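Structures incoming, each one as structure tokens.
Both of the next two complexes hold subunit A, though its partner changes from subunit B to subunit C.
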Partner chain A sequence: MTDSTQSYSAAAEVGQLRERRTRWQIIKIELAKAPYSAWFGLIVIAFYLFVALFAPLLAPHGEAEIFSQSFAPWGGEHVFGTDQIGRDIFSRLIFGARNTMGIALATTLMSFTIGGGLGLVAAISGGWTDQLLSRAVDVLMAIPGLIFALMLLTIFGSSILSLIMIIAVLDSTRVFRLTRSVAVSVVVMDYVEAAKLRGEKLPWIMRREILPNIMPPLIAEFGLRFSFVFLTIAALSFLGLGIQPPTADWGSMVRDNASMIQFAKYDLTAALTPMIPAGAIALLTVAVNFVVDWFLHKTSGLNDEH
Partner chain B sequence: MHPILGTIIQRLLLGLVTLFFVSLIIFSSVEFLPGDFTEAILGQAATEETVAAFRRELGLDQPAYMRYFNWVGSVMQGDLGSSFSGRNASGVDRSRAVIDLVAPRLGNTLFLAGMAAVISVPLALLLGITAALYRNSVYDRTVNALTLTTISFPEFFLAYLLILFFSSLWPVFPSLANVNAETELAERIYKCVLPALTLTLVIVAHMMRMTRAALINLLASPYIEMSQLKGISKAKVILRHALPNAWAPIATVIAFNLAYLVVGVVVVEVVFVYPGIGQLMVDAVTTRDIPVVQACALIFATTYILLNLTADILGIVTNPRLLHPR
Partner chain C sequence: MSTKRGKKGDVLLEMKDVKVDGFSDERWHKIIKGIDITLHRGEVMGLIGESGAGKSTLGLAAMGFTKPGCKITSGSIIFDGQDLVLASDEEKRALWGTRIAYVAQSAAASFNPAHRLLDQTVEASLNQGLQPRAAAEADARDLYGQLQLPDPENIGDRYPHQVSGGQLQRMMTAMAMSPRPDLIIFDEPTTALDVTTQVEVLVAMREIVEKFNTAALYITHDLAVVAQMADVIKVLRYGNEVEEAETRQMLESPKEDYTKSLWSVRALEKTESPSDDVVLSIDNVDAAYGGGVKVLHDVSIRIPRGRTVAVVGESGSGKSTTARVITGLLPPMTGSVQFNGEPLPAALKDRTKDQLQRIQMIYQSADTAMNPRQTIAETIGRPLEFYHGLTGKAKQERILELLEMIELDQSFYDRFPNELSGGQKQRVCIARALAADPEIIICDEVTSALDQIVQEGILKLLLRLQKDYNITYLFITHDIAVVQAISDEIVVMYQGAVVEQGGKNEIMSPPYPDYTQLLLNSVPDMDPDWLTNLVEARG
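Now for the complex of A and B:
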């Protein structure tokens, strides 16, 4: 307080250094440096999320509301016309964002809980637990996912719950492999050993010591798994085995309106109707891939060699 | 014994063990069926005797391990059981043997997959090698961006895009690939153009990117720089020096992608109404016809495992360092 201009205080300097950028500032700086593809991806994802969250407010008609005119043309009361039993395509697109993305998100979260949890357990415990889990995953991964999903859907029937469970379990195998492989190198670190010696329990070590150190690859994987799960569910719905009507869903919308492509010569807009939900699926996966690409680039410190 | 032989035998045994477990999983799918499924298949009016007879035919009165060995035994002899469809409450059995349903369709699927492979493998190699050669050029960037886009698209989107442009707006190819046993080869190829093209687009992207990555890795090694410094042409560097060492990863990539083709074929067959095994499986799932689903799953899984095994073994066999051990 007295001679503040001349005196030197080490504590003050250290204190100053400690004043880090807040997380928000770091995010802003990173965003400013992000390439156009990442910006494009982020904007598309934000738009999809907005539509999904506010679907009931945005949609002009109800999800399963049936109008008298089926296969109505574009324009007028129905922006993108109506489908084969007279439901408004535009409204179903909006509700579809919510259903398709919601289910894919729930599935991915579940697959990360199962696969990530077991992967950490395998990495920490080692020994026969690790062997058993890894070999089981090897066997599960030897069957192509879509085929396995089809088989399980035959047994359990296609309800939304069984759909989520089946795909989550099948997909968790890949999460397991990644988590295990990145966690194995963290598990041998001294601080993990120290925590074990302190007598910490397995859940504490998993959550507090290992998880924070393997977060970046897992977050990138989350994006990739999400788009993969999203595509799988869309494919199953397209095959008529996924999300069942009257729930609006992009995959089944493509299937229902596919026959309209034949009329492209007479009415191009009609032919484009089934392409809109298909394009919506494609656009989202492209966007997620762009963002993941950028994120991987940032966190792994790769330069533009590959 | 050559050390490489030991490794290969080890891989083959591992593949066999995997196949055993996979068959066990597929077999046990019947075990998880809800108890009332006989009723669902035979109808509400099924009499006690019909249900009992049906259960006996499925062998549900025997212990599970006996049934498994019987099942494997008959599968080995080409007997995949008989379909659930065509059965009814009165006990009259009009069902068809699964093998008769599967066999002709398996041929169709192999034809389509083979056609896609014949187009896509050379194309992917050409694109991958040239992209690695002219790295970071406009050409490389364009090919990269295009393949990244096709990877992210769902198969049915690509399929309908092709239908929209080449069948609807500019009708050069049919959008329905309805072939049968009598279809002649030329017509069969003509009808399969669009499905094969869809599959090609899907797998070329993967193969091309992996080929490019493998080559670029290799081109960074010192002996390649040495050959460049000697002043030989770019093409010669690639063909004489880089490729012999790149065959292992490329062969693996090809086998791996053909395995991927096995799964991709399901959706494409449904889009083009192609009478293949994928469509058969989807139909069987809809009607919950377990024997057919089991047979299809077994065929898909076996093909997948065998192709991955081939990829593994090719990787070992073509590795120069393993071929000439010290």
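Now for the complex of A and C:
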């Protein structure tokens, strides 16, 4: 070992001494150092996930079960009352977590598959492929998103599948731009050239050489995009073009019960009913943002501790 | 200006028992472990040592400054009667830039690309109200002239990207000089430059420092350079002082073993052994990037089997482009590449796996040549799996064998690149090339980012591997000492064309073509009079 006996290197010294921690240990250490906002976000997300996963067990009534009394007040059998056709609001909130979040998650995953994949291809190939894809994205982004989505939904109909596909495609433009721009700086690295010289095929270079090096910004973007998709779906449902009844969904629940706000002077709780699904949407968005902020701060190398 | 200036010989900077700690990986490490420096007015002190020796940290500490995450823990730094350790930020700010200036390694990264050079040159003088703008600008133009910059009247109107690297480095010296500081800290100012440019910058810096009686700390790892610049040399290692002596005395009779080992690197030399068995040849190649200006003109090179052909020339001479033509990354416009007597497809995608496997490449910067998210085992293991289909136990054994070949032990197996030193990383890159079982390895400036001692280790390793496995090297470099150490044949390139090709002894002995002459005598010797003699000889 001529090298290590003759020359000193701080990196090598640290390398020798560093405890080899398992991934789980690292996560535990990072969590212990996380700020309160991140903890808050993580707990809220965990709670939402729990509710979404065990919705049928948690909900007191069925998703579309109709009771005789419509617009029932809070309390008694129906914790948050019933809606205009007599469905239990509390149960629909619980099922709504599952539907709204599930669809948003599927849409975000889809948009990352499309946008991320094409972004990597554009970054690696360069030249005409890159030009063609990038300009196509420019065109798509030039059209106002929500209006374009409304138009496409009117053409293809508001099924859940078309909802997911349309929002995923429209949203993938932003993922494409991000992926391409971070991948471009990795593509020029010598190790990517080394892989090309070795004769590696495109998928291998994408998956093994580039993707691991651009994960942090992509994960953060995933959180943010999830929030936006979630809000877009809620907005579309509020407009009546999103998730269709009888499927429970927070956006359409706000719309269905919106008129109850007018009764605030007679029954405050009735006026609060449409606020609950709206609040659920807001809370999740804030929670995801807190976690993303913390994650970005950790991975961007910003260190303001000393 | 002359009122604040004492006469030559007064003590300007006195650092006593300075210690600096740095915070990383959740704990404090000692970077400087108690060093004294006494610097007189007009004196130039060279600080040398390998990377990690604490040279730059010490240089910054001389200004009373530490990088974020570092702190001066004890000692005193007296600059012209004022203790910089105790001085407030405001007091230090008044000194920095005007009485103490700093010249960084990378000039390109140190200039603001959005401002003209002249405005940046006079900024420090104006901020402190030392001179009116017109006078400062006139003075800056005068400095440009003294630093041998072309068109000194107008060059200041250009932006940083409009001048070359060597010019930018001189520009930074002008910027440092503008307020006529008492002390300049040069932090590896010529490391990023070609040998031919380096000479110009060194001459300019030395003259101007002498003329204004400025004291300087000159930080470098290049002994021959420090021999030209410094009156006194201090050798550092692990944050400790090894020894300090006058330049001549240090060069003639270094006391410590460590200093002697630094000196010995340049003694490495390979005896030339000619061969006629050509493994790879390039015939009459012309090449251009994107159909634009031609960067290679009628280049023909033949590479004998089991030997080392060194390609030398300054940057922009087409050395790396030649490598790209051989590897297929840049298909030539005309001409061909023959491998074992058979023509090689021009483009990378037309080559077979077998052809790819036989030509491997090692890069200048091992940092960017290794994927930071792959362990050493994955890095070395991939070619084994890809070319030879090795998996599981067989692959693991071969990886350990390769680690042994590059003189690293098993503990490196599952480490990541950021846990390795520069020399160790370059060794792993060598192992990755070896894993493919190549006939020829293209080495693109593989030692130029490394310290002398580490460099020696890598060169010895390459020579041993060549002897053991009969590997052929195409060795691209601008360092003549490295050429001496490793090559059998030399190709001299200039502006995209081959100036000369032949055996090492033939090329290295006169008569030389003009360009070879310039290249050879731009390489600093370990003789402190070398630069003076060179300037006289060149007139």
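Definition applied: the second predicted complex is superposed on the first by the 283 of 306 C-alpha atoms of A that agree within 3 Å, B and C clash if a C-alpha of one lies under 4 Å from a C-alpha of the other, contacts with A are read in each partner's own complex, and residues count from 1 in each chain.
Going forward, a residue touches a chain if its C-beta (ideal position, glycine included) is under 8 Å from a C-beta of that chain, and two chains touch if they have at least 3 such contacts.
It should be emphasised that the depicted structure is a prediction, and the values quoted were computed from it without experimental measurement.
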Name the contact category of A:66: first (subunit B only), second (subunit C only), both, or neither. neither
Is it subunit B or subunit C that touches the larger share of residues in subunit A? B
Where on subunit A do the contacts from subunit B and from subunit C line up? 306
Can you tell me which positions in subunit A touch subunit C when the two form their complex? 1-4, 6-12, 14-16, 18, 20, 189-191, 193-194, 196-200, 208-209, 212-213, 303, 306
List the residues on subunit C that touch subunit A in their complex, please. 23-25, 29, 50-53, 68-69, 237-238, 261, 327-329, 348, 351, 353, 356, 360-361, 363, 365, 368-374, 382-383, 386-387, 407-409, 411, 414-415, 418-424, 427, 432, 436, 451, 453-454, 457, 460
Within the complex, subunit A is touched by subunit B residues 18, 21-22, 25-26, 29, 32-33, 148-149, 151-157, 160-161, 163-164, 167-169, 175, 213, 216, 259, 262-263, 266-267, 270-271, 281-282, 284-286, 288-290, 293-294, 296-297, 300-301, 304-305, 308
With touch defined as at the start, can you tell me which subunit A residues reach subunit B in the complex? 138-139, 142-148, 150-157, 227, 231, 234-235, 238-241, 254, 258, 261-265, 271, 274-275, 278-279, 281-282, 285-286, 289, 305-306
